[in-house]
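All chains are identified by letter, namely A, B and C, in their written order; residue positions are counted from 1 within each chain.
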Amino acid sequence: MVPDEPQLLSQLASRRSFIAKAGMLSLAIPGVGGALVACADKPGPEGGDDSQRGQSRAADNMHGQNADSRLDTALPRDARSSGTGAAAAVAFHRYSPELPPLPAGGRLRLNWRARETNIRISESTTVAAWTFEDELPGPIVHCRVGDTVEFTLTNDVDVPHSMDFHAAQIDPKIAFRSVTKGQSVTYTFRPRFAGAFMYHCGSAPVLMHIGAGMHGAIIVQPREGLPAAREYVLVQQEFYLKDEAGGVRSFDFQKMLVGLPDFVTFNGRPNQYVDAPLRAKVGERVRFWVVNAGPTHACNFHVVGEQFDTMYLGAPPGTPIRGVQTFAVAPGGGMCFELLCDVAGEFPIVNHGFGHGQKGGIGFLVVEP
Amino acid sequence: MVPDEPQLLSQLASRRSFIAKAGMLSLAIPGVGGALVACADKPGPEGGDDSQRGQSRAADNMHGQNADSRLDTALPRDARSSGTGAAAAVAFHRYSPELPPLPAGGRLRLNWRARETNIRISESTTVAAWTFEDELPGPIVHCRVGDTVEFTLTNDVDVPHSMDFHAAQIDPKIAFRSVTKGQSVTYTFRPRFAGAFMYHCGSAPVLMHIGAGMHGAIIVQPREGLPAAREYVLVQQEFYLKDEAGGVRSFDFQKMLVGLPDFVTFNGRPNQYVDAPLRAKVGERVRFWVVNAGPTHACNFHVVGEQFDTMYLGAPPGTPIRGVQTFAVAPGGGMCFELLCDVAGEFPIVNHGFGHGQKGGIGFLVVEP
Amino acid sequence: MVPDEPQLLSQLASRRSFIAKAGMLSLAIPGVGGALVACADKPGPEGGDDSQRGQSRAADNMHGQNADSRLDTALPRDARSSGTGAAAAVAFHRYSPELPPLPAGGRLRLNWRARETNIRISESTTVAAWTFEDELPGPIVHCRVGDTVEFTLTNDVDVPHSMDFHAAQIDPKIAFRSVTKGQSVTYTFRPRFAGAFMYHCGSAPVLMHIGAGMHGAIIVQPREGLPAAREYVLVQQEFYLKDEAGGVRSFDFQKMLVGLPDFVTFNGRPNQYVDAPLRAKVGERVRFWVVNAGPTHACNFHVVGEQFDTMYLGAPPGTPIRGVQTFAVAPGGGMCFELLCDVAGEFPIVNHGFGHGQKGGIGFLVVEP
């Protein structure tokens, strides 16, 4: 063989290892081991915690409840490694998906920093992210068509960074220019169309800058407003990571080019809304503003047990599409999905392209009576 | 290199072998071998039958007919292996794509079994499928908006299974719960929107349950009806298979996560509608209800030599789109495509994303005068 | 390991090498090396030219201009190899994206040749393409709904070829039949729907014939016309290439089936519209007719710093969608995107699925005051 392929092969190796661990999830279901072990050929010996979880799941099954979906993931759920040193001190926090209130006076002043930030995305994984405002994805911006957004980015780090708002119509050569450490760039824009727009660092290589965490959502409401709803923002991101070093995994440009992600997440943490779901009440309308940061794959957005009575390919409230089960949001794109909560229950929110979605792209909407 | 990567590498190896065989298809075209052999570097010695087929294709070319497309596949068409033992006894049957009639009285009672069933998907391949009603995809369900669907699933096998109808608005925690061997789950729903909806087993890991065959289509007609048409149902599925053992190939979860399918099919058999095409008559409207079971890739639906005068992204008859050549149906999604047969001929039905479509996603619509 | 996987592994190896070179682009940015080198682990020693470019980019950064995006590519930009012998004599030429004028008298007579043509797609790469009219993509065809297109294809080469116009409604078995060397096929059609339609060779294996270059765009205007605009045609194509031999790289069917492209281009040359951009003036409307030849991946079309005020999923001017940032054009499909140039500037045109787009799918629209 060609001698020096350590990168790709170690990717394949770690993939294999994580699949083996995923397989462990199923092993403890009584009478099922033989069949489901088909999912993973050589489960490793490291799945102590996993097997306990597997048993609790099996127990759920015994009671006739579909608790499966709460644990439905190809990812290991263990607490083995929580990093060492400084990384170990980073606590996990849930990314809040709630749409923040509109700014007063039709004017937003944003003064953001580009930084490098260790972020714990799960019990076992801390990533060395490139961030806006130390968060991944960056903060949710909320405004209306025609509002004034005054934006300043100051770069605190050695890598040049920039900011590209998809909601802005502006000369990118000037406004979206890269700034080096200590420099700032300022520009002002007034969004012309409503919708769920992506923002991201546009510095080269843009694949790396988006992939390493410098992206987020700006939600633009139409001036005429939309029907009252509980509004959530979900940003899908793929993670392509190097092996852990010093308790932290950095992002792997090479794996980004190959396109086999380690995780696919909503709002930057695999399966975070399984344990801490989104919530609504019967009779409410829920509006999902979905941005797909990519960098590469589609987000095939679906809510199990529900249907979108309305979705918008472009600016709401224009050209509503009715009765949609699943629709693909393109990488670099955003769409608006609405459903009416007419029954109580627990509804999984998924990327229905499960080859990717199974890697963390699952959460829950709990509708209470 | 990292030592134990047998799975992935054997996948690559078998891929290589099938490509080599595909290359054989072209070798017998007089005067073409040198050029087309570029498609496959080392055709193996096993292509005896293939080369005969290649010759017949070459002969067709000599007569100026485009018989090429009838044999256009990256898959070997051989009769080498038809399995052994019990598997050898499984006969191939075409999956009927015709939309069944509507139920009388606006009420459907479905009493289905979850099973494990060997299904011959081609002359050379029998798969160990996870099935609803021993079929892959499962039976086509047909009803109208507001009809009552009473559904019961009984599990006959050791792996827990469940049923998720995308046409239902219902609490998944209760209705879509997993049941173990011998148990049943029953629920009732009334579809609110028209369209081509997917159903599938939702038990964890859902990627495996969908990928191994537990999916199908429920077609919901609008109450106001649609223009008279000949109606067909096509469910796209990717196949990720282990090597043959005991005459049967089982499904490979690891390959599902990597996303390089062995086959991409309409209604569960590669190229089945090449030899036994869909049919219509000049002057008729044909309506394709297309569901993409995935589990991962888009279905870029196209009919060669035709154009869709109408397609629906959501519930027909709302927001028709006119004049479409190709549109991507998301995995987990469904769409409705219509064309008017104004000329007679043989029209290939394809997934125009040919890196995948070439692996079995080709059939024919024959329009007779 | 399985012994003979030279093809795949050499693909991985060459991928690694090109990524290493891409990483070189970033190395000369003062104070940045340590951070950005994370993008490529072992930059090779061959990047002499690259590092000079890196320096000029760093210099640009120092002046606060976002020159980054002009050099944003995962591809090496070197002049090392320009082929040898006959291949060395092939000059690079830009593919003109301008929409040609409509034919007089509502009638087009096209008499095309299928050939094999060496085409230089960049300073360093000449490909052995399969072509229509010695061009890749083939010539842009422009007509109106109801015009008469009389088409003849004559095959000058040993491989059988054919022509499939997505704008035609016609029996493919007759019209799109393959012809062998010296033979011709003639047919006439009158497009029924407006739009950006693909044409391509449909001979088996169609993946190879499309992938090797036999495709292009036919743009059909609605009879009622569309708003005045500057009109451009962009055809996205993935390139899957073998290693250079005799100064030329031929197309690799095996890599097409795996789906990891070497290049992703607009109009057949990576990044060609970076140096020689598309142009418009403030106040003008720009209409992009985008065809995705594939063969496999979506084209997630986006213009940085702009928004599409109008796009059409089907035949314009029907069902316009307003306010779109990014939309996926399916492989085998085409769509029409419009924007209004209300500000001057330099606007990158990208495939926002950057895992692919970073491989050459970047150009510029320069809007002059």
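To be clear about the criterion, a contact is a pair of C-beta atoms (placed from the backbone, for glycine too) under 8 Å apart; a residue touches a chain by one contact, two chains touch by 3 or more.
Computed from a prediction, not measured in an experiment: that's the story for all the values here.
Visitor: Quick check on chain A against chain B: do more than half of the interface residue numbers occur in both copies, making it same, or fewer, making it different?
Guide: Because under half of the interface numbers appear in both copies, chain B and chain A meet with different residues.
Visitor: What is the size of the turn, to the nearest 5°, that moves the C-alpha atoms of chain A onto the matching ones in chain C?
Guide: 120
Visitor: With chain centres taken as the means of their Cα atoms, state the distance from chain A to chain B in Å.
Guide: Roughly 30 Å separates the two chain centres.
Visitor: Where in chain C do residues touch two or more of the other chains?
Guide: Touching at least two other chains: 1, 5, 298, 313, 319, 328.
Visitor: Quick one: which bits of chain C touch chain B in the complex? Just the residue numbers, please.
Guide: Those in contact with chain B are residues 1-2, 4-5, 7-8, 116, 157-160, 162, 164, 166-181, 183, 185, 192-195, 197-198, 202-208, 210-211, 242, 250-251, 253-254, 256-259, 294-298, 313-315, 318-319, 328, 330-334.
Visitor: Residues of chain A touching chain B in their complex?
Guide: Chain A reaches chain B through residues 1, 5-6, 9-10, 12-13, 15-16, 19, 22-23, 25-26, 29, 31-32, 34-36, 38-42, 57, 61-62, 64-66, 68-69, 71-74, 260, 298, 300, 302, 304-307, 309, 311, 313, 319-328, 342-348, 350, 352-359.
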